[in-house]
Amino acid sequence: MGEFRMPSLGADMESGTLLEWRVKPGDRVKRRDIIAVVDTDKAAIEVEVYEDGVVEELLVKPGEKVPVGTVMAIIRSDADQPREAETKAVGAEQATTEAAPPRAQKKEPPAPPPESPAERVKASPYARRLAAEHGIDLKTLVPSGPHESICAADVKQAVEAAKAAGPEEPPPVAAPPRAEEAPAAAAPAPEEVSGWKDPEAMRRAIAKAMARSKREIPHYYLQTRVDMRRTLGWLESENRRRSIKDRLLPVVPLLKAVAMSLQEVPELNGYWIDDRHQPQEAINIGIAISLRQGGLIAPAILDADLLGVDELMAALRDLITRTRDGRLKSAEMTAATITVTNLGDLGVESVFGVIYPPQVALVGIGKTMEQPWAENGLLGVRPVMTASLSGDHRATDGLQGARFLDTLNRRLQEPSKL
Amino acid sequence: MSPSSPETMRRLTYRDAVREALAEAMRKDERVFLMGEDVGRYGGCFAASKRLLEEFGPERIRDTPLSESGFVGAGIGAALGGMRPIVEIMTVNFSLLAADQIMNTAATYLHMSGGQFNVPLVIRMATGGGRQLAAQHSHCLDGWYAHIPGIRVVSPATHEDARGMLWTALQDPDPVLIFEHSGLYNLEGELAADAGPVDIDRAKLCRPGRDISIISYSASLIKALEAAEILSAEGIEAEVIDLRSLRPLDEATFLSSVSRTHRALIVDEGWRSGSISAEISARIMEGVFFDLDAPVERLCSAEVPMPYAKHMEAAALPQVDNIVELIRIMVKTHG
Amino acid sequence: MNAQRTPKKKTPKAERDHVLHLLKNMIRIRRLEEACAELYSAMKIRGFLHLYDGQEAVAVGVMEALTAEDAVVATYREHGHALIRGISAGSILAEMFGKQEGCSRGRGGSMHLFDAKTRFYGGNAIVGGGLPIAVGLALADQMQQRPRVTGCFFGEGAVAEGEFHESMNLASLWKLPVLFVCENNLYAMGTALKLSESVTDLVRKASSYDVAAASVDGMDVLAVEAAAQKAAAAVRSGKGPHFLECRTYRFRAHSMFDPELYRDKAEVEDWKKRCPIEAFSKTLKTEGLLTDKDRQKIEGEAAKEIKEAVAFAEACTWEPVEDLTRFVTSERRSE
Amino acid sequence: MNEEKIEQTIFNILKRIAPESEPSRLSADDNIRRALDIDSFDALNFFIQLHEELGVEIPESDYGRLNTLAEMRRYLADRLD
């Protein structure tokens, strides 16, 4: 049994009007016969049928406009038995739905109270940012920038003046505590997190997250020793070409290598939520950053795999600066898909870290130190770093972890490809 | 960046640098050939290929009839067939006769074929005004071509780039358009004796400064550097960035500069409306809005077809004085 | 792929296999196009769809004269050319479905079939735009001393484009190995040749560029084949380009959205009497080269091929949207 | 520039980096990084600021010679005359 439908005769055709039937019920039709003429927005077009059979019933009358796909006729193929017209009105409903849907009552939002031009301070975006950081009221400043705007210099001058006047300047990190969630916890956070809560509250938040981790996550730990000679050599030559402010920290090639290795072992990048392993596509590397006033926080470098080493360095510098200033964005607080903790600065040889839930892995970086190293039967001295991986055994097995560390090691042997 | 010692530097014109690059490419790779109107016996409309015919013969220094669409299309076909053609179009205005081939074919083949057919073609053309050539030979449409995905657009402003971009462009698997500003051909400059290929996708910081970033390319860059020198004497330190490539745009470089200087001026010889300068301005807004201490400003060509009379043409183009005056206003502070 | 053949006599009794092969190829095209029309109406295929019914003898006849080494440049009415060149019906239909297993990964659609393996350079939908590409491909062959032919198909509408004239001139000037095949179906979309050309004798136009030119009955596959063999042999031997006009007719509308207001039904019916498939069948039967059983076998095989191709296309997959920006520039360059 | 001025600059920078510390209490041979709990990022910032304020370009290979106040005073004085 075949259905002859309103054909689509162009990408922009949504409906057509039947002008005439060239057949009547009972007529025998052959594939490619013209059986109807349809009016589109463009012109009348003859329409062919794509099967052999007998016209059983015409469902649409000339003059009717129906959407593309509407059944217009039933064609009984030779194999079919004649049938009762129980489903004859298939297209009828569509055929009558040309009327416009009832228009939703459009409700105008209440107009905001008009702002008087006098209240609006004209200041550059940079000046506004500086003023907010130093708690300066823009209204108190005299504009000297272009178009009578307050520019950064006006704010800086006010900051200097305030310093000279009052000796008790509060340190910038001592902003009022806010009720934030624990580091890396998946709670909704405000647009920008400004200032950290007092050390005790932060301690409690860390305690909560870490206790949950150790309670729920069956950790497995792996470690490998990495010959850092090539990476450090590469870094040294890179830095030799750079002025101080463009130099890379040793952690940058490490982060890049971690990001690239995660592309190859994507299982470690993601979450365990709702009893389900949920690997993530974006590679957002959480960096454990300790705060001077105590505690630590692990905001993320977003899409770290897409950044080159210079961009990564810039992102890291920006992130650390803002972390210590207490100016993180909410996405950075919650988006980490894996965490890297680097305790090498403090001379620690290897790290067995605690995973931040709901992440499923944590990479630990130890101090790079000269050690005896045997290769090809020869003993030499090499800068060696111990990389470790803490994995969530619910999500992955030691095999993936081992593959990750192996990949990381290989990446660090080819620093020019980082 | 390392300063070469004087004995390894030499003086030459931008034209010489282009010609050296052509000759070197032809010597290094026998698939390379040059094709265009009057490139052979005449030596090139701007003499960029003078005397190359003698060394390489008429097969490889190939004069064409005045058929821009035909020979640009033939360049595309030859590239598809394994050659590495360099097609020269006399001026950017004439390139519009080949716009179909550039935009509908060169830029689309790789994509339309689902990655099967790349077009390793280089098209060079003269661009820009300042030589009283009036409204059909003077426009700067570099940025206009930069609108098109699928091609690379580079505008060498320096001798180093005129010498070094061609070879890199020839190594690129995709079409590269090289815009040589006609006002630069006679410019003399210093070039290292061993100057060679340079990258074609990074912007370059030409002059560091703390007060404002001037973002420019092609001949306008020379004016920007001159303006920066004048301003420096007044205590205003302008940072000058040469975009070098208009597609892709190396936004990281200019955004990082603006985030340090907090002000930006774009000098663009194209018309202002819908220009590459508009694109750069938008990206600054998107990328470093909260670092801006003044509105982004632009100096572009006046929105007229290029007039012939010298004083009118000069008034239509961005000039050193305009740059200096505008920057004085932009960085005006407590002093 | 078709081996190169020597031209055949008109009564090819000893060539039964060959004529049945020609007939089958024409029927394969016809059945493919019928499937396309049906699938378009069912919204499986979208965009513009231009069908080849009526012109089959041209693609089938000319392809006999080309070898695997040769290149083909075609237009947006190219399903038949693609199929006979050796691209599978499945990957052609998958392309029109927009599936990633399509011969252009679903990036091209009906108008942009491409295939590197068979040197099939599209699927060009700018009328006349393919001619300069063919010129360039031939230039590359000439410069690399490869005895290849580039077969370039286009409609008579392209003859009004500047690119036709530029390409004829370039190909003749440089003695390039191009076989220009003009499929004159009398209408450029809906405009009759006599309403758009001051000189309607296309052979004269090509001859004016000193290109060897001939005209042939495009409804007669043997005549097309013989003419193409002769022309291709001359081109291959280094005698420069040839122009072959094939007088033909398209039985269907220009595209699926065409009410055919510009031509008489009677005219269409007259031409249909000369259907390249049915007329050829009739001749073969008269000559005792084709039996009803042969025809049934061919129809059965063609139907099976197309049925399997539709099923294949249905089963193919959609390219992930994340891949959207692939194939804009080559991946081996962009790191 | 004399050593006192250099020392004052160093103190100012350290104070900015480690606001809770009292750099002036450092003795000349204390290891600054250890004494003030300065990590590699802080150290890089320290050198950047030193560069900005004094204009001295310090190659990375010299970082190891700049552990104490005494070492820094000497190193910088040599380069600033």
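Order of writing sets the chain letters: A, B, C and D. Residues in each chain are counted from 1.
Simple rule for what comes next: a residue touches a chain if its C-beta (ideal position, glycine included) is under 8 Å from a C-beta of that chain, and two chains touch if they have at least 3 such contacts.
This one's a predicted model, so the numbers in the text were calculated from it and none came from an experiment.
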- Item | Contact distance in steps, from chain B to chain C | 1
- Message: Need the CA-centroid distance for the pair chain A / chain C, whole Å please.
- Response: 47
- Message: Based only on mean CA positions, could you tell me how far chain B sits from chain D in angstrom?
- Response: 45
- Would you mind pulling out the distance in Å between where the CA atoms of chain A average out and where those of chain D do? 40
- Item | Chain centre separation in whole Å, for chain D relative to chain C (CA means) | 77
- Task: Mind pulling the residue numbers of chain C that touch at least two other chains?
- Result: none
- Note the residues in chain A that touch 2 or more other chains, in rising order. none
- Query: Using the touch rule from the top of the page, what pairs of chains touch, sorted by label?
  - Reply: A-B, A-C, A-D, B-C
- Task: Going by the contact rule at the top, pick out the chain C residues touching chain B in the complex.
- Result: 71, 102-108, 112, 114-116, 121-124, 126, 129, 131-141, 143-144, 150, 162-163, 166-167, 169-170, 173, 326-333
- Message: Give the list of chain A residues in touch with chain D in this complex.
- Response: 171-173, 236, 239-240, 243-245, 247, 249-251, 290, 292-293, 316-317, 320, 345
- In the complex of these two chains, what residues of chain A are touching chain B? 124-129, 144-147, 149, 151-154, 157, 241, 310-311, 314
- Query: How about chain B: which of its residues touch chain A in the complex?
  - Reply: 1, 252, 256, 262, 289-295, 329-330, 332-334
- Residue ranges of chain A touching chain C (in the complex, touch as defined): 5, 7-11, 13, 32, 40, 42-45, 47-48, 50, 68-69
